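Here it is, the structure, as structure tokens.
Chain IDs A, B, C and D follow the sequence of writing; residue 1 opens each chain.
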Amino acid sequence: MPSETSRIEAFSDGVFAIAVTLLILEVKIPPITQASLASQLLQQWPSYFAFLLSFLFIGIMWINHHRLFTHIKRSDNGLLILNLLLLLGVTAVPFPTAVLAMHLRGPGARTAAALYNATYIVIAVFFNLLWRYAVSKKLLDQSSAESAHAISRQYALGPLVYVVCLGLVWVSISLSLALNAAVAVFFAVPARVAGSRSQR
Amino acid sequence: MPSETSRIEAFSDGVFAIAVTLLILEVKIPPITQASLASQLLQQWPSYFAFLLSFLFIGIMWINHHRLFTHIKRSDNGLLILNLLLLLGVTAVPFPTAVLAMHLRGPGARTAAALYNATYIVIAVFFNLLWRYAVSKKLLDQSSAESAHAISRQYALGPLVYVVCLGLVWVSISLSLALNAAVAVFFAVPARVAGSRSQR
Amino acid sequence: MPSETSRIEAFSDGVFAIAVTLLILEVKIPPITQASLASQLLQQWPSYFAFLLSFLFIGIMWINHHRLFTHIKRSDNGLLILNLLLLLGVTAVPFPTAVLAMHLRGPGARTAAALYNATYIVIAVFFNLLWRYAVSKKLLDQSSAESAHAISRQYALGPLVYVVCLGLVWVSISLSLALNAAVAVFFAVPARVAGSRSQR
Amino acid sequence: MPSETSRIEAFSDGVFAIAVTLLILEVKIPPITQASLASQLLQQWPSYFAFLLSFLFIGIMWINHHRLFTHIKRSDNGLLILNLLLLLGVTAVPFPTAVLAMHLRGPGARTAAALYNATYIVIAVFFNLLWRYAVSKKLLDQSSAESAHAISRQYALGPLVYVVCLGLVWVSISLSLALNAAVAVFFAVPARVAGSRSQR
């Protein structure tokens, strides 16, 4: 018998997979012009940068979603709706990504970077809501108590650091995006606790 | 052994996931112009509104589909075809959504809102057809009789309220869309009955 | 333990689901112009027609793929490759669909309809190759002998009728497309045989 | 109970399925012009060629991913991340494909073909990293030792031959792409070893 959460996972996998794959559609194909193709390709580095950063972010979100659902074993209507809110954030990512790629070298760079970081704050909040709901409603596997505590602590940091990223936009856009990437890497590593399944 | 309906669910999950993720492609990236990026981003609020409304709608349809298939345990050729009709409605949603986003502030607002509501009437009818077929052909889990009755009653309301939404378009477009959103929330909550699995 | 063909089915489900959902992207959003939105929407009926026809076709192909894999229980490298060829045909469908939608009322209507039917001939041939390979390599469930025979007979008709559809393009484009749609409906109904699982 | 790698496979299946299906979006629909539709369709043969080549490549990568995960039975955080890197390569494929299709007959043909081959080198390296990690961390099925050795040997060739393809671009673009296609076919056939499951 499939587990109670298997279809939530399947639907979420689909949304993550599509969102991450749609990102490439925002990288434009240079037309045939006087300029050499190589120089045109190099010139659109902000598109590659935004693609890579968002790929990293969505990919690591998927790893985290996967990790949470190794602990979440039961489902209810609230979980379905909170998971849907999280997916709303995920599906939106290609939009701020494309805005960032288009405006990173223009006068709208600050606005674009702020929108990008703001999206991540919202997603980090939704991740916390989903997880805390699952913990408080006791939807977790019984053996997950310790890991759950470690995850709760790690996740609480998420919205905070993304708020810092957002604030940094008015100091230095590059610094803000560099911190943003560093945070993604931080969440790729599982929360530190003995006996966590995802830590082997 | 996988259940008889598992591949129907997998295919449907895919279609729902893609339809919901494609919605973001209709939100246009503002080009670099004289106007500030921030004001350009704010100006296209109808795109965000249409995106959110359709995300909500498709997401809640997915929850309902999931809920129906916790009861539907057997499959036949008629169910495959009726499920396909429902998915036809789901895949179509990005089109009326984009039409609404484009025309909500133009002279075609009424037509766009009517098209939008008409799509939802059709989908609500397909949902009823699928469910009633499954009930009448006894494709349900044996323990589902009570829940089934509650779902049948709730679903019968769907086409009716969307017809009201459509009619309201000629009274007030805003009111029509507000009711439309309220209906989605109504269907996010499972039909009221004791012992339903999705009610915990 | 998942069955040996479960990942082939999952990947194929994904491809079918995406191909069928991408079709809607080819239906263009009318811009804001002098003309009324309603008349613009009506004018692009060939887009809706092509969308519906291709949705029907891909949907029914999925039903057939699902039906074949209720019989196919083992997998080998040849099956993987033939399944991939079939999916090549499926993923290509949005292109001839969009060509048909664009040119159905123009001077290129005959060419567009011929391309459309030619795609379906190729897919029908790939379906036959996949199925006959599975039969000849004894990859089927043991209880499937009778159904297998009925399917083989039904599928042999596929390429033939699509060749007729193609030929009809030079007689009457409408007739050709009408026959095309009728063939899809014919394949929605399972091959006639006693005891087939998909016949209930 | 689902296997430990089942959700990695589901997510990867989604990404492969989407990447392979998005390829068709890069094949442009000829507009209505003076020129006959047939001649316009024929003129864009580089688009079809690039579509077919990339479909072949992604499809065969999927077969290889499927083959690897018939051996990989356990998962850890490193495997998740290396799998993500591989998927990064897969999702990127539609971009060099579209660049190749656009520039194959223009002055940028060499650059486009070099970019195309370079993408494949990167993916081949990621495939090797994933596989070697799984071997070294003993994440394989116990019965897979012999097959594992054969796969390791076959995969080691991948980056090398794609480097040769890249070098050939400065000799003959056609030759380079022909070798590229031949390599794909080579990887469609499983590594030669007795007792491999995928060799039946």
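By our rule, a residue touches a chain if its C-beta (ideal position, glycine included) is under 8 Å from a C-beta of that chain, and two chains touch if they have at least 3 such contacts.
This structure is a prediction, so every number in the text was calculated from the model and none was measured.
Taking shared numbers over all numbers used, the chain B to chain C interface scores under half, which places it in the different class.
Relative orientation of chain C with respect to chain D corresponds to a rotation of 90°, obtained by superposing CA atoms and rounded to a multiple of 5. Centre-to-centre separation between chain A and chain B, using Cα means, comes to 25 Å.
Separation between the centroids of chain B and chain D, computed from CA atoms only, is 36 Å. Each of the following residues of chain A touches two or more other chains: 2, 10, 14, 17-18, 22, 25. Chain D makes touch with chain C in their complex at residues 2-3, 6, 9-10, 13-14, 16-18, 20-25, 27, 29-32, 36-38, 41, 51-52, 55, 59-60, 62-63, 66, 69, 188-190, 198-200.
Residue ranges on chain D touching chain A, taken from their complex, read 1-2, 7-8, 10-11, 14-15, 17-19, 22, 25-26, 76-77, 80-81, 84, 87-88, 91-92, 94-95, 98-99, 102-103, 106-108, 111-112, 115.
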